[in-house]
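One structure below.
Chain naming follows the written order as A, B and C, and within any one chain the residues start at number 1.
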Amino acid sequence: MKKLLLFALAAMFVFAGCSQKPKEEAKPAEQAPAAEAAAPAATGDVIKIGVAGAHSGDLASYGLPSVKAAEFVVKDINDKGGLLGKKVELVVVDDVCKPEVAVSSANKLVSEHVVAVLGHICSGATKAAMGTYLAAKIPVMSPSATSPELTKSGEYPNFFRTIAPDDSQARLEIDYITNVLKLKKIAIIHDKGDYGKGLAEFAKGFAEADKKLDIVLYEGITPGAVDYSAIVQKIKQSGAEVVLYGGYHPEAAKIVTLLAKKKLNVKFVSDDGVKDDTFIKVAGHYAEGVYATGPKDVSKNPLAIEATKKHKDAYGEDPGAFYLNAYTAMLAITNAIEKAGSTDYDKLTNALRTEDVETPIGKIKFDEKGDAIGAEFSVYQVQNGAYVEVK
Amino acid sequence: MIAQEIIKSLKAAIWFMFLTFPIMVIKVNTVYKTIEWRWMNMVFIGVGVFVGSFVWRWLLERKDKPSAKKESISTRTQAYLAENPISKRALQGALLVALLFFPMFMDAYQINIFTVALMYIVLGLGLNIVVGLAGLLDLGYVAFYAVGAYTYALLNTTFGMSFWIVLPIGGALAAIFGILLGFPVLRLRGDYLAIVTLGFGEIIRLVLENWNDFSHGPSGIAGIDKPNFFGLELNLNQMTDGVYYMMVVFTIITIFFVGRLQNSRIGRAWLALREDEIACQAMGIGRTRTKLMAFALGATWAGLMGVVFAAKTSFINPASFTFLESAIILSIVVLGGMGSIPGVILGALIMILLPEYMRTFSEYRMLVFGGAMVVMMVFRPQGLVSNFRRKYSFHGVDERLGG
Amino acid sequence: MDYFLELFLGGLTRGSIYALIALGYTMVYGIVQLINFAHGEIYMIGAFTALIVASVLTIFGLNSAAILVIATAAAIVYSSAYGYTVEKIAYKPLRNAPRLSPLISAIGMSIFLQNYVLLAQTSDFLPFPRLIPEFAFMEPVSHIFSSAELVIVVTTMVVMVLLTVFIKFTNIGKAMRATAQDKTMALLIGIDVDRVISVTFIIGSSLAALGGVLIANHIGQINFYIGFIAGIKAFTAAVLGGIGSIPGAVLGALILGWTESFATGYVSSDYEDVFAFALLVLILIFRPAGLLGKSETKKV
């Protein structure tokens, strides 16, 4: 009896891993130098593509649509006979948008021998995971990580994205306020998050450099707080004519509602995180007149219509955030594999940079740094309960 | 008798069907103004609860039944080990060998999550000093972890200082923060202490989030160097192994240190302070010094792990240092059994490996995790491994072995 | 001066919401010495129930006054039921366990309930219907103090008075005070302690539900995560005022609301929460048992 117990205790430590992994698979992973880690996948009879992002937790609604998009694209390809004569298989991992979890997820994908990764969703998680992918030579394409650093710093040569970086969005917003709205006193508010605060910092930098705008307030709010009336009073006190908000729609809706209730007559300009139909539904008629930047209108693009229709047919509702960007990314990755005729890292990245591909957001390819040429932003305004592109 | 039991279960089933009705059954789409009635869910709940309540009552009954064998597995194993040094050495040796050869059979992913589990073992042992030994409920332990992580991130990215130099600095800085927190809260007891430490943890996180010039704000710090092992050029897999072995060494040192600490002068003082503060002071144990020592030592381990964490992920941002993280570390300590080293180890393995291997449950992961925490506490409130106090008795040996 | 008044009223509203949730914390703590981490989730479930019921009724075409009453009632009933059940499952078996065990059980419960709502409903923010009408007499001042804010403040005041009366004069209220003072003694003189604890959880949960409905109506949207921050803040408020004390919870909540409001208004909202927690630490240094808490002299 006692010996059995001892044995059980000792086994406990080893058990967790052993039961998980067949031995024949473990060995090559151990011996394979990192550079070759991506190669074995091509020798199998499937091509594995990773999908990483937040699929649970409070940011799940930004990550789950990309999984659905990837599933649709892969289903299409497999129905048509697959890629390079092989079936495509998805490996989906959840990173909860946390850097440390993202590293584990990346390791998981590398050990599964994926040839490319769709993801991650959040910029922070993406940055943390990139080192692992770079060492394993796996190209990564994010539908939603907009931190400019990811492409502009040059530290992540294997990174691509199908969304424009934050600074171009901030640039557009500031230009719009200066040249089209012709306002002067601006209050910049952000949600202290990676995305929102990053954008606000850029907007502030541009406004200061231009010397045309007068920043009367620059502050962060706490997402999820029960009430924002104090900051709204402060905006009122500052005499701002326009509020530029960096962040996501839940807080924006609260602020817009309060601004209207407190009878403040200021314009509200925000970003892609707010250019979401949920914002209009939540803020109701208070949303009227709000400006938001977002990827240029694709509602007439046949591929976008098709992609959206697939989602509606399958789930009975409109797709969520970054769905089309993820769809685009998946098309771009699979197209590049096909054009390159291989899953080799160099050929694959070269194909991504040289081959044009038709996608829901238009015809794109990627520049040296990994930003999509052809993914641009334009300004929208809420008119009669819908976002309308304004020129 | 059986009829009664069935009625009880029926009642429970009906109650839960009522309870979960609005949230499980109705799904309203406020935008399209449509209602979806999911009656099947109600059936599942009804059947599930009916069956579950039998199991629940049976387990509760079993738990309440006082039996001689209740001193069960963990206690007996510990007692046996304490009295048979050879088996103890053998077990330790076997575990060590298992740990050393582990990476040979596993891929990078497995090694990586095991490294994380080892880090949480060390964090748990550190917090165990404060909560388990000294009895000070600390809900802001993650603050010290953050101090360590940012110390390395900043010193490395701005001055290029190496991992091994910053490691002691991170630990020392965290200890200083521990004392800084310790001073104002010395007079507080129990749950007042809990909320103040929680607040302290939040303050540190908020400052890191807002003070851009210092900490790069929410976008975090990227490109932190991995640790350097004797100047070797390592590829990714070798680096994963390297960090793993480093953590094995770290864990062993920590276990050794904390084990010694427990039976030292200061360790006894903590236990005494935990049990009765006034009597303790009467006996001439300095309350201030003892408590601060606990805070400082606990914080040191968190600081060291913070440095390792920053080096391992090579990217940090304030999102990694939320209250939930403190709660998880605290759960490790309590779940495993407060004050017990094997308990903390077991707790860390469960809390970290469980959600990781439950990835197959995907979105149900956190639901199961939360539920498991409740269930484990209800059925083993003293923790999985109850603290075994070394007794120096002579005659008890045979009796205990007799069972 | 206008600015000051606006911030003052904003802080008052915020404080009132904290107070409704903090009352539940403080009552439960007073009786069983447990930080009920799942309390924020009870508040969230109240808000969700109200949202679901209100949406269904809207589709059936009831008028808004009826919807308001029915949705609020449903929220209160269901939150109480959840509070009661949570206590029976997660805390009652742990009544004689080591002090930290119920705390972990509570944290687990909080994670469980959050994910339960996330899975059964949605991760998105849902728009909450505006149930409280704009009163005509509030029109002239509505730019600084809206009708919904007035309802929040008045409700909190009324609830606090009712609660005080309840605890002072009813039998079960007296039993609650007795149990809070000495559980064993209460048991000896024939008080059904289990029942008292259940009632405490039910009342605390009802108040949280009320808070949930009011704040959801005020800010217009909810998701499964709203309970977390509100719960932490309310807990802070309860400790600030002296945990276990009912007027203390309200005072603590109001002070917290004002601190945050004025900190945002006169300093910066970047450090709003830092001010709140720093104030807490300061007050506890000088009054270790909170503002209105009784500092126990420990008998040897």
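Heads up, the rule we're going with is that contacts are C-beta pairs under 8 Å (C-beta built on N, C-alpha and C of every residue); 3 or more make two chains touch, one makes a residue touch a chain.
Note that the structure is a prediction, hence the values are computed from the model and not measured.
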Chain closest to the middle [Cα centroid of all protein chains]: B
Identity of the chain that, by mean CA position, is farthest from chain C: A
Inter-centroid spacing, chain C versus chain A (mean Cα positions, whole Å): 36
Cα-centroid distance, chain B relative to chain C, in whole angstrom: 29
Distance between the centres, which are taken as Cα means, of chain B and chain A, whole angstrom: 32
For chain A, residues that touch 2 or more chains besides their own: 56, 60, 192, 220, 281
Residues of chain C touching at least two other chains: 115, 126-127, 270, 273
Sites on chain B at which at least two other chains make contact: 30-31, 210, 363, 366
Residues of chain C that touch chain A when the two form their complex: 3, 6-7, 9-11, 13-14, 17-18, 115, 118, 122-127, 142-144, 146, 149, 215, 218-221, 223, 225-226, 228-230, 233, 260-262, 264-265, 268-270, 272-273
Residue ranges of chain B in contact with chain A within the complex: 29-31, 73, 76-77, 80, 87, 91, 94-95, 98-99, 102-110, 112-114, 116, 209-210, 212, 217-220, 222-223, 235-237, 240, 309, 312-317, 319-320, 346, 349, 353, 356-357, 359, 362-363, 365-366
Complex interface listing, chain A residues touching chain C: 56, 58, 60-61, 64, 192, 219-222, 224-231, 233-234, 236-237, 249-250, 253-254, 257, 261-263, 278, 281-284, 320
Of all residues in chain C, those that touch chain B in their complex: 29, 33, 35, 45, 48-49, 51-53, 55-56, 58-59, 74, 78, 81-82, 85, 89-90, 93-94, 97-105, 107-117, 119-121, 126-127, 129, 232, 235-236, 239, 243, 270-271, 273-274, 276-278, 280-281, 284-285, 288-290, 298, 300
Complex interface listing, chain A residues touching chain B: 2, 5-6, 9-10, 12-14, 16-18, 20-21, 23, 25-26, 29-30, 32-35, 37, 55-57, 60, 92-94, 97-100, 103-104, 107-108, 110-111, 123-124, 127-128, 131-132, 135-136, 147, 149, 155, 192-194, 197-198, 201, 220, 281, 317
